[in-house]
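Structures incoming, each one as structure tokens.
Both of the next two complexes hold chain A, though its partner changes from chain B to chain C.
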Partner chain A sequence: MIWEVFRQEKAGGYHAHCGNVHAPDREMARQFAAIQHGRRKPTNSLWVVPREEIGEIGADEVAFGGTTDKIYRWATAYNTTAGDASEVVESEDEQATAERRRGDDR
Partner chain B sequence: MWRSSAKGESVPIYNDMDLDAIEERAGPRAFSPADELPREYREAATRMIEFHANSEIMGAYLERPFIRQAPSIDRKLAFSAKTQDEIGHAQLLYRAAETLGVKSREEMLDDLANGDGKFLNCFHYPLESWVEVPMISFFVDGAAMRRQATLRRTSWEPYAHAMDKVCFEEGFHVKHGEDILTELMTGSRKERRLTQAAFEEWWPRIIQFFGPTDDDSTHHDFAAAVGLKQQSNDELRDAFLDQYIPKARKHGLEIPDEPRIRERDDGTYAVEEDDLDWDEFFTIAKNEYEPGVGQIDERKRAREAVGWVRDALEDDAVAADGTAPQAAD
Partner chain C sequence: MSFEDPDDLEEREREALETLLKRLGDDEFVLAERYTEWQVRAPTLESDLALANVAQDELGHARLWYDVLGDLDFEERDLVYERDPGDFRHSTLVELPFPEGDWADAVLRSYLYDSAEELRFDALVDSSHPKIADRVEKIRQEETYHLEHARNWLERLAAGEDGRQRLQDALDRLFPHALTLFEPADEETEAAVVDLGLRDATLEELGEAWLSTVVPSLESLDLEVPVETRTDEEDALVVTAATLPEERGRDGTHTDAWVDLHDELTHTYRELEREAPTKLMGDRE
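Up next, the complex of A and B:
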């Protein structure tokens, strides 16, 4: 049975997929995950999840974010007066980064 | 460990852990569902997150009519995207709250419908014309963002994670709100006059967004001691004034004489708290303010009207795999 493994590096962080283990049950999966995925990289916690319990939807089935121009959804689409609150600037920066990574900024 | 809620759903229960130990460990994102947390912590966190989630819903319902009343197609698209975001934020927050094992999502939604659920003061007032829209989508959302940015460091990890996504999205709301304000304040003389009047009406309520002063805040001390709250009501309100008074002026809005605003020597601002209507505020806090009661009932009717959609989804899920979905799934 295959168990997908998700690692959280530090308390409070997100669990991110880091690999999988072959194990007969949940307890063994936890032990194998600790050995295979928790030894070198910084690890605070691991989740093990049976592979067949994971649902997936891919870019070949759905257009993530839709197919129409949704520029109006981005903070970067609005030019307002200078002197935005720091948390607004931070949000806009995060959105600008996401736009670049999606390739939407062209 | 699990218990059955009033609705017969499974909700997790945790053994009590020493309160002193909690205070000692209470850093940003310190506690996750894997921790055994004392009842007091879980109840305080539930109250805070449930209030936040309810506010997202009630705010979205307040703004919803303006999807239809938006003056242009661009505004309509942006405004419907924003309202959709807010409903999504409520979903994230109810998830973060129900993991505490105090109340299920169903219980929280029922309480909001029957008038027991509490939510933000600003969303108890009617929103009647387009010139009022930036009062919510710029000033109230700006105030919310100020508070939410500090909550990315709250001690309940699922709440902090929800705030990561909320803050990511919210920048668009505030900037779009400011864009509407810009349009109105550079529009006709009538538009400017009506916008100024709306601002005067909303300004005291917006300041009260941050709740009573620290000495009158019932829940602050505990919430701060266990790291749920990262800044006091007074700190947040002052930080908001410092940022948004200059913004309002930049748009040509005049700050009303009441409540009196003091400018400190260092250029920061403080409000004269006694000039604000705290009787009205606490009437609202009890869900007894008339327009707010109507808004709660209106949302209840809307929820009932789409009950068939929820039923269809549930029936479909049961038919698909033969098991009923669990609340905690």
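Up next, the complex of A and C:
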């Protein structure tokens, strides 16, 4: 039986999927997960979930969002001439900073 | 009387300390050597990693004890590679080879050993030797996980007829050797260990406490413990029949399996004429 393992690094954070373990039951799954996924990286908590208990819906079944190009929403997508309104300058700075933070400018 | 200053010990204190530390360190070292044989051969990837983890812990513990022996002018290189196999003081339980592919043996051996280890550490946590008390505190947490791991497997193997039979065969083979965990190196030195406050329970007391734990627990899994036991006047479980193996480990007598294993584990060292054992990390303090 396969158990998917989710690790939470710090209290309050999300449990992120980090791999899986083979185990006959929940107790063994918890132990194996602790050995394989809790010993090398900072860990506050682990979830073990039977794989068949996880519901999945895929891209072949539904049209997911997030694919339409919405670059027009960003001020940096427009060419501007010198002497912009101060609101535009501030907005550009703001967007550029956000992109740098996300690593999108690379 | 104090163990604060290693240069200030009387002969009797040195001897008691050396004996205790060799019992501790050699048990861990040799057991880890044996566990390592399961590497890439355990029944599943998960069990392989789990036992590898246990082996790694035990090697680390051995190093902690050998390091305290350093206070008595023993060097790790000598302890591990240059020592005569007859100078090792581990119980014969940890030196026996695993019958090929017999996972039940590994599980049961770990259960018998780690149950004893838990009791032994309970009796060492208030040791008069500050380094011992300090190290036990650190080691205990890992040992709790070892015991939990062994118990988990034990219960699951015993639940099926085939697994239960394999456990029974392993129990018949291992139990007499497990009794040597509580055998003395020599009576006088062992008495001194308790007398000097290095450990606050005698081997006899530890053995009784161990029997009172493992025998009912094994019987509850429908396993038959291959020695006759009785309850003494203080309600402690004691072994009546003399079932100890000829080789007791603690007194330096060992099975042929140990000589072979020792030869194997020192082989590369001898062949390469190494100057010192390899260290991946500095000593933990």
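Here is the rule we use: the second predicted complex is superposed on the first by the 65 of 106 C-alpha atoms of A that agree within 3 Å, B and C clash if a C-alpha of one lies under 4 Å from a C-alpha of the other, contacts with A are read in each partner's own complex, and residues count from 1 in each chain.
In the analysis below, a contact is a pair of C-beta atoms (placed from the backbone, for glycine too) under 8 Å apart; a residue touches a chain by one contact, two chains touch by 3 or more.
Since we're looking at a predicted model, the values are computed, not measured.
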- chain C versus chain B, contacts on chain A by residue: B
- Message: Between chain B and chain C, whom does A:36 touch in the aligned arrangement: first, second, both, or neither?
- Response: second
- Message: Once chain A of both complexes is superposed, is A:94 in touch with chain B (first), chain C (second), both, or neither?
- Response: first
- Query: If you stack the two complexes on chain A, which partner ends up touching A:28: first (chain B), second (chain C), both, or neither?
  - Reply: second
- Note on the structure: chain A residues contacting chain B in one complex and chain C in the other none
- Query: Any idea which chain C residues touch chain A in the complex?
  - Reply: 44-46, 49-50, 53, 148-149, 152, 156
- Query: Considering the complex alone, what residue numbers of chain A touch chain B?
  - Reply: 11-14, 45, 70, 72-75, 77-81, 83-92, 94-95, 98
- Note on the structure: chain C partner, complex, touching residues on chain A are 21-24, 27-28, 31-32, 35-36, 39
- Item | Residues of chain B touching chain A in the complex | 28-30, 32, 34, 74, 77-78, 81, 142, 145-146, 148-149, 157, 160-161, 167-172, 174-176, 178-179, 182, 243-244, 246-247, 250-251
